[in-house]
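Once you scroll down, you'll see the structures, which are given as structure tokens.
Common to both upcoming complexes is subunit A, partnered first by subunit B, then by subunit C.
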Partner chain A sequence: MTPVVRTIAALIFPFIIIFSFYVIMHGHLTPGGGFQGGAIGASAIVMLIVAYGARNVKKKAKEESLSIFESIGGLVFVIVGIIGFVAASSFLYNFLVGEPLFGTIPPFGSNPGILNSGGILPILNIAVGMKVIGGLASVVLVMALAGGDEE
Partner chain B sequence: MNTDWLLQHSPALIIALPLLAAFLMPVVDRISRKARNVFAIIVLIVEEILVLFLAYDVFGGNPHIYTMGAANPLTTVPAQAAVPIRIVLEVDAMGIFMAMISATVCLAAGIYSLAFIEEEKGKGKYYTLLLLILVGMLGMELTGDMFNLFVFLEVLTIACTALIAYRSNTGDAVEGAFKFLIISSIAALFVLFAIALLYAQYDLLNMAALASAIQYSNLDKIALVLLVAAFAMKCGSVPMHFWTPDAYSVAPASITAILVAASQASLYALFRVCFSLYGVTLNLSTIGGALIIFGLLSMFVGVTMALPQKDIKRLMAYHAISQTGYMLLGVGVGLYLLAKPEFSTYGIKAMEGGIFHIINHAMYKGLLFLTSGAIFYRLKTRNLNEMGGLGHSMKWTAIFFIIGALAIAGIPPFNGFASKLLIYEAAYKVSPILSIIAMLVSILTLASFVKVFHSAFMGPKIYDVEEVPKSMLAGMAVLTFVIILFGLFPGWVVGNIVHPAAQALADQAAYIQAVIGG
Partner chain C sequence: MFEIALILLSAFMIASSIIAVWFKDLLASTIALAVMSLILSLYFYMLHAPDVAIAEAGVGACITTALLVIAIKNTERMEEVEE
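Now for the complex of A and B:
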């Protein structure tokens, strides 16, 4: 791609990633969540693949490390679920309610949205987000590499 | 760790454990080849033990309920609501019966794979996907929630597709996987649409709560047709069978054995929808008649298509269709006769036959596919005309093949005989023609396997090959052991395992009671 496209892609990349984190982190408050935010994050990597070519992207992010990243996302989800019945009462039990981390119970009625609430939901959203970023990006990367693009 | 605690949480643990192991697999894979193999086998064995442990309690007469994320897993209906809104796992005798099949087949296939895929690439991913298939099957079989059923159906589909295309250097494998993917996606969309129809009317996703609220409106009938068509598609019943020969024949043999169990998970979902979801509101004779017709078509078309095949796995795949027909016939006759009070004991008998046939078929067809894989492992061909004389050098494989072939043909004392006899007897009450067709199909099955045995194992020694590695023999031995056990003690198996499963399926009131009844 031309230098114009490459420069713009490099400039926009951090903002897309930040937006992706925003959607993931606010999954329990606003529309969106782990999957949607993860898809936005993966699309940032896809943009780099289009602008710089799959081979250049592969130097920075191998599909192996992406798939490890994806596995960690899956592991976090299942482990949080299992902690639910080892430490508390049932699988995926929301054991963080009342704790300092994400444990605030919001007051009844309308409020602007308290980020530090939701218990295990934000953690599950982050896990799903990691899984989707890793999974989608590695799928597109492998397909672009197999397609044999020249750049 | 006390056993009560483990027993209470085992429904969730059975699904969570292989899921955890599947995500750990890429990490373990980096340590060493041996660590990966040991890890996979240990997980499969622990899974089998957990399932049998839970099964022992469920067959003792305690269906298990597990509510995800609740303060007490047994309270399905939260204090602030009138209906179950959380995901509920409902493990009754039928569900755990299917889970036993899935866990056993996956264990045998996992052990078999150790040597079988030794020369292939991407073995870490192979085991990850194998465990995900197990997650999908067990999830479908243990869940009591319609949307959860759909999610696990998708998990199963994606993992199966990837493994069918495992030998992606051949064009056939990709074609088979593509066909499977298309059919499965259409079926999954049908299921999703049907769930949407039910959810829009009743605001419910829990199967037991839906079953108690269902009105049998026209929309419900449409949903029923969509669900029956989708699951019949997924279980490979004629006239939606055309993906089975392609997918079964190109997948690695160990995966084909698992695919048989995966098709049966869809068959289970079909029965669960007919009996537990629609049940009393259903016009039993009509839907029973439809299942009988599906069954007869599958039996007859499957076996007649199998006779002229030259590819050993394609031949077995057509037999799998034909055997699925027996299960549909058995349960269809059961539904048909349950509607007539004077014949209801025969109805239960027919269902026992159909359900017993599910586990028998998973065992012997799994075994037959594994033996075909053993032949492929040594000769690198699936063409029957290029085989011959293997009985001289591959004695154990030949013995396992004979046991599998006699069991599928329904020769006593193997397990196929017991379940087929139950089906013949009960089908005779509906119409003698049904029994005659079933027996005819059985004879044709025997003829076809005699042909395979003759062309693969008999004759002068042509190839100088050795017996397959020990782990492959061990995988086949696991299934053979079950076949012989069930063949020698069919009365005990029917009385203690199959009868409770058939009762659990037929007794819709108990299914609803377990979740929402006080």
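Now for the complex of A and C:
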């Protein structure tokens, strides 16, 4: 791509990543969640692949490391579910209610939204976001790498 | 007002879909598909489904377009006209 496209892509890449983290972290309060934020974050990496070429992106993020990142997300999801099974009664039991981490019980009625609430839901959102970012980015990266040489 | 906006958005979606099928330049067809997906996400937002709208805008308008552009770059850009 031309230098204009490359410069603009490098300039707005951190903003898209920050917005993706925002959507993932506020998944239990506002529209969005793990999949939506992960799709936004993967689209940032896809933008870099289109602008800079797959070879240059592969130097920074190999598909093996993206695959490891994705697997960590899935593993965190399953481990949190099994902890709920062990610590309490059922799979994915919300064992964090009342704890200092994500455990605040919001007051009854309408409120502006307390970020430090939701129990295990933010952790599950982060896990799903990691999985979606790794999966979608590695899909596009492998397809761009398989296509032969390009700029 | 709301119904008029929905009808207009539907008309734009149908028009961009027809354009995507009609063009012989596959890159232009891809851009028309991206426009259709973007209008669809606006439609979802107006129907009070912002969750689906975010997913549609992220996956439909960005990742699918990038995949199709990569596929076109490695094959042929113009569709062959068969007589």
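Note that in this section the second predicted complex is superposed on the first by the 150 of 151 C-alpha atoms of A that agree within 3 Å, B and C clash if a C-alpha of one lies under 4 Å from a C-alpha of the other, contacts with A are read in each partner's own complex, and residues count from 1 in each chain.
In this section, contacts are C-beta pairs under 8 Å (C-beta built on N, C-alpha and C of every residue); 3 or more make two chains touch, one makes a residue touch a chain.
Keep in mind it's a predicted model, so treat the numbers as computed, not measured.
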First (subunit B), second (subunit C), both or neither touched by A:Val78: first
First, second, both or neither for A:Met143, with subunit B first and subunit C second: second
Partner chain(s) touched by A:Ser110 [first = subunit B, second = subunit C, both, neither]: neither
Partner chain in contact with A:Ile68 - subunit B first, subunit C second, else both or neither: first
Contacts of A:Leu92 with subunit B and subunit C, given as first, second, both or neither: first
First (subunit B), second (subunit C), both or neither touched by A:Phe35: second
Shared contact residues on subunit A - subunit B and subunit C: none
Subunit A residues within the subunit C interface of the complex: 23, 31-33, 35-36, 39-40, 42-43, 46-47, 49-50, 136, 139-140, 143-144, 147-148, 150
Residues on subunit C engaged by subunit A in the complex (per definition of touch): 50-51, 53-55, 58-59, 62-63, 66-67, 69-71, 73-74
Interface residues, subunit B side, partner subunit A - complex: 9, 12-13, 16, 19-20, 22-27, 66-73
Residue ranges of subunit A in contact with subunit B within the complex: 67-68, 71-72, 74-75, 78-79, 81-82, 84-85, 89-94
